[in-house]
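Below, chain A partners chain B and then partners chain C, in two separate complexes.
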Partner chain A sequence: MADQPLVIGFETSCDETGVGLVRGHTLLADALATSMAEHERFGGVVPEIASRAHLEAMVPTVHRALADAGATVDDVDAIAVTSGPGLTGALLVGVAAAKAYALALGKPLYGVNHLAAHVAVDELQHGPLAEPSIALLVSGGHSSLLLVPDLAQEVQSLGRTVDDAAGEAFDKVARVLGLPFPGGPPIDRAAREGDPRAIGFPRGLTGPRDAPYDFSFSGLKTAVARWVEARQRAGEDVPVADVAASFQEAVADVLTAKAVRACRDHGVDHLVLGGGVAANSRLRALAEERCAAAGIVLRVPSPRLCTDNGAMVAALGSRLVAAGVAPSSPDLGADSSLPIEVIRG
Partner chain B sequence: MGTATGRPLSRAWRGSVTSSDVLVLALDTATPVLVAGLARWSAVGGTTVLAERAVPSGTRHAELLTPAIRGVLEDAGLAMGDLDAVVTGLGPGPFTGLRVGVVTAAALADARGLRVIGVCSLDAIGTGERTVVTDARRREIYWATYGADGGRLTGPSVDKPADVQLPEPVVGDPTFAAARLGRAVGEARVTTAGLLRAAGPQLADPASAGPLVPLYLRRPDATPPTAIKAVSQS
Partner chain C sequence: MRREHVLPTPEDTHALGRALAELLAPGDLVVLVGPLGAGKTALTQGIGAGLGVREPVTSPTFVISRVHRGGRVPLVHVDAYRLGGVADVDDLDLDASTDESVTVVEWGEGLVERLTDEHLVVRLDRRDDDVRSAVLVPHGAGWERRLDAR
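Take a look at the complex of A and B:
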């Protein structure tokens, strides 16, 4: 194991400045700085605030990761960085920093796809990925269903959200219910006291003629807002726990049904969850239930590794190095809409 | 990597304060033309520029900066290991491109234990008595004025051209000035020599080097929602 390369990973695609260190499938460090608190009062991530925070946090976060791993920068064998998709200005801080470390240390640089990195991170907890796998990635920035024949070489997009990301729906519903930003954790907490069948919120894109693997959360978000506003207009109390539980149930229902269907349709018996929304307790429970019933092995990283971090980038970098994938070109840049088919930018 | 593994991780300068001359890598990404240069500097002998690349990179600073650094090292027949210090422009300039240069300087210096010095990018444009103008976008300009000895008198500031008096002679990018100011200006751009000149006091007195904080001059574009509007109507 000691002769496997030490890979450092940089993640700055949204509001988390992450630096991780990985050797093979072993996680050595996962240092994180977040500017989330600075975005709270805006009810969403403000790109320029995130970019400024990345610049401040970059070098100190590298130091923390190295110290946590008991390594020095000279021990690093390869550098990986999220080159997309994400917020351009935020991505560029990580890409420029990674390129500078690669140049200064004379080590290879791998620009990597953020979504593929969400899949790769599970290898740090559960060992080599079964291939093919289906991956369901849900967060404030993405909602994607992927077919992963070979994480180092080939990833296919089966479906994605046609409007809001699942995490955005959580944020907006939280706002309607007077819960704090980001909306995922408070809705999860409120829902524990509520009845998930109290209100029959709509399940988007689940009709027989709808795209089987695409998602839509805009209609659901609007339905929740209308329901709450109607109560408020009538001067009635809003049953926050029931609304939260029923909304969360609608999201988890659609996500897991489509993921299980993708596994069946493609003859795949492994499903990987990733992204911040994968930390949602109802999504995890329903996915377990439905995967067990369908004979699918479910793999879910711990909540800390589901959200954006540097370890996931290092994990994918490690995988690319092991597979002998060529490093990125010296003129690597950031691509805010990097397609999932491009694993190494 | 030739250095010992016990090297401190902090951004500590390993060179000696009394060293007679230092090899400096100079960077700037505050304008649409990125600059990477190599120079020898000494307190007595001044600055000798060894290599310089000015790349009209527009918004592609992140793509083209490290290749330009590699290029000037090749041009001068030197390697990363020969560097003693990094000087970088801190702007003002369009934020996204500006950060590319600043974080590159910070990371290079961190990885190799070099001194890193930030300077106002406008100080590195032109010489002597002048007003320097650059593109701040949104129909505004970044500008600063300098006295006969080359020292900065006012700025850097960001303003609408109509709101300010720009003392002669005005220098900058003539194409930009024709479009934004509707007038001709003397041609001048960020140079390696200019960056080294601006960094001179900090090179001479390492203790005086400040933190690497970009000169943003503007707050981030973000207004908290004054009233939360109904989501169903958004």
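Take a look at the complex of A and C:
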């Protein structure tokens, strides 16, 4: 194992400062610091505060990851960093740190795509990815269906959200229901007590003439808001558990139906889920059920690895090193809207 | 241009956005006001289409702001929904591009007006029957004239 390179990965695209260490497909350390508490204090995310929090957390998080792995900085063979997509100011902190380490250590630098890293992280748990695979990435900022012929070389976008991301719909519906931010976990919890068939919320872009792999969650969010407002106007109690369960069912239904269809249409029998929304219990259960029925092998990382972390960046970096992909240029920059097709920034 | 619009379908909201785009010039600030689901992103998609920007306009809630190029004028699409109450809009680093771009801000009322001398507010609303409405509210003599001229 020691003959495989030790790759360190930096993740700072949003609220989490993550540093991971990976050798081959083996996860050695996954240190995380979050600025969520600071943002909660201000009632929302403040980009400048996110950047400053990354700056303060960066070096201590690197030290923690190295200590957890029982390694020193001199053991590192390559440096990987999320160079996009994400918040520009936040990305810049990770990119600057990675460049500094690469320069100081004289080791190659790999700017990597945040979305591809969400796919790569599964290799740390379930071994090499079957290729081609279909990947469904769902988080607060993204909802994408990808065809992955070769994670180190080629990722194709099949579809994406045309308005709101799935996680964003969770956040906004949580606010409508008076649940805390981020909305995913509290809706998941509330839904356990509710009836998913209580309210028939709309399934966006599922008509016969709609784009088969694109998503739309804006109409669903609005439908929930309208339903709740009508109840409130009538002076009735809002059945939070039923609304949460019915909303969650609509999201899980559309996501899994389209993912399974993408597998079938492309003759692919492996599906990978990734991103924070992949931690949702109903999405996981329904994906399990539908994949089993369709003869598709489903791979879902544990919830801890679904959300943003440094391990996923190191995992993709490790993949790129193993595939002999050339490192990034030393003047690597942050690209807030890096296209998914660009695996190495 | 009429100040009040009834928008029965999302296509109508999109069309209003395209019509607004014809009035827009570099340096303009448009503030969109309205509840969840009133059509703010749909209107911005129309503005983007009218300006001819390349990338699809989707909700920027998560990334706070997104720049769309490739059109007659760059479109800076900002969503202040996730911003904290005390956030200083300077922290968004928007000033850098507001002079050369059209800046459209969702959920930004009371936060961003001082970016420019004048601005246009579009008040969007959603009725119980799901029909949307829009009211254009000019702030500044220049915007008054521009709306009257069309």
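In the analysis below, the second predicted complex is superposed on the first by the 341 of 345 C-alpha atoms of A that agree within 3 Å, B and C clash if a C-alpha of one lies under 4 Å from a C-alpha of the other, contacts with A are read in each partner's own complex, and residues count from 1 in each chain.
To be clear about the criterion, a residue touches a chain if its C-beta (ideal position, glycine included) is under 8 Å from a C-beta of that chain, and two chains touch if they have at least 3 such contacts.
All of these numbers come straight from a predicted model, not from anything done at the bench.
Engineer: Between chain B (first) and chain C (second), which does A:Arg226 come into contact with in this model arrangement: first, second, both, or neither?
Structural biologist: The answer is both, since A:Arg226 touches chain B and chain C.
Engineer: Thinking of the overlay built on chain A, is A:Asp331 touched by chain B (first), by chain C (second), by both, or by neither?
Structural biologist: Only chain B; A:Asp331 stays clear of chain C.
Engineer: I'd like to know which partner A:Val176 touches here: chain B for first, chain C for second, both or neither.
Structural biologist: After superposition on chain A, A:Val176 lies in contact with both partners, chain B and chain C.
Engineer: So in the superposed three-chain picture, is A:Leu87 touching just chain B, just chain C, both, or none of them (first/second/both/neither)?
Structural biologist: Once the two structures are laid over each other on A, A:Leu87 reaches chain C alone.
Engineer: When the two structures are overlaid on chain A, which partner does A:Gly140 contact: first (chain B), second (chain C), both, or neither?
Structural biologist: Only chain C is touched by A:Gly140; chain B is not.
Engineer: Please work out whether A:Asp164 is in contact with chain B alone, chain C alone, both, or neither, and reply first, second, both or neither.
Structural biologist: The second partner, chain C, only.
Engineer: I'd like to know which partner A:Glu48 touches here: chain B for first, chain C for second, both or neither.
Structural biologist: Touch status of A:Glu48: both partners.
Engineer: With both complexes superposed on chain A, which partner does A:Asp75 reach: first (chain B), second (chain C), both or neither?
Structural biologist: first
Engineer: Can you list the residues of chain A that touch chain B in one structure and chain C in the other?
Structural biologist: Residues 41-43, 46, 48-49, 88-89, 172, 175-176, 221-222, 225-226, which sit in both footprints.
Engineer: How about chain A: which of its residues touch chain B in the complex?
Structural biologist: 41-43, 46, 48-49, 51-52, 55, 58-59, 62-63, 66-67, 72-75, 88-89, 92-93, 95-106, 172, 175-176, 221-222, 224-226, 229, 330-334
Engineer: Write out the stretch or stretches of chain A touching chain C in their complex.
Structural biologist: Chain A residues touching chain C: 14, 39, 41-49, 85-89, 140-142, 160-165, 167-168, 171-172, 175-176, 218, 221-222, 225-226, 230, 336-337.
Engineer: Mind pulling up the chain C residues that touch chain A in the complex?
Structural biologist: 35-37, 41-42, 55-56, 58-59, 61-64, 66-67, 81-88, 91-93, 126, 128, 130
Engineer: Across the complex, what residues on chain B touch chain A?
Structural biologist: These residues of chain B touch chain A: 1, 3, 5-7, 9-11, 60-67, 69-70, 80, 95-96, 99-108, 110-112, 214, 216, 220-225, 228, 230-232.
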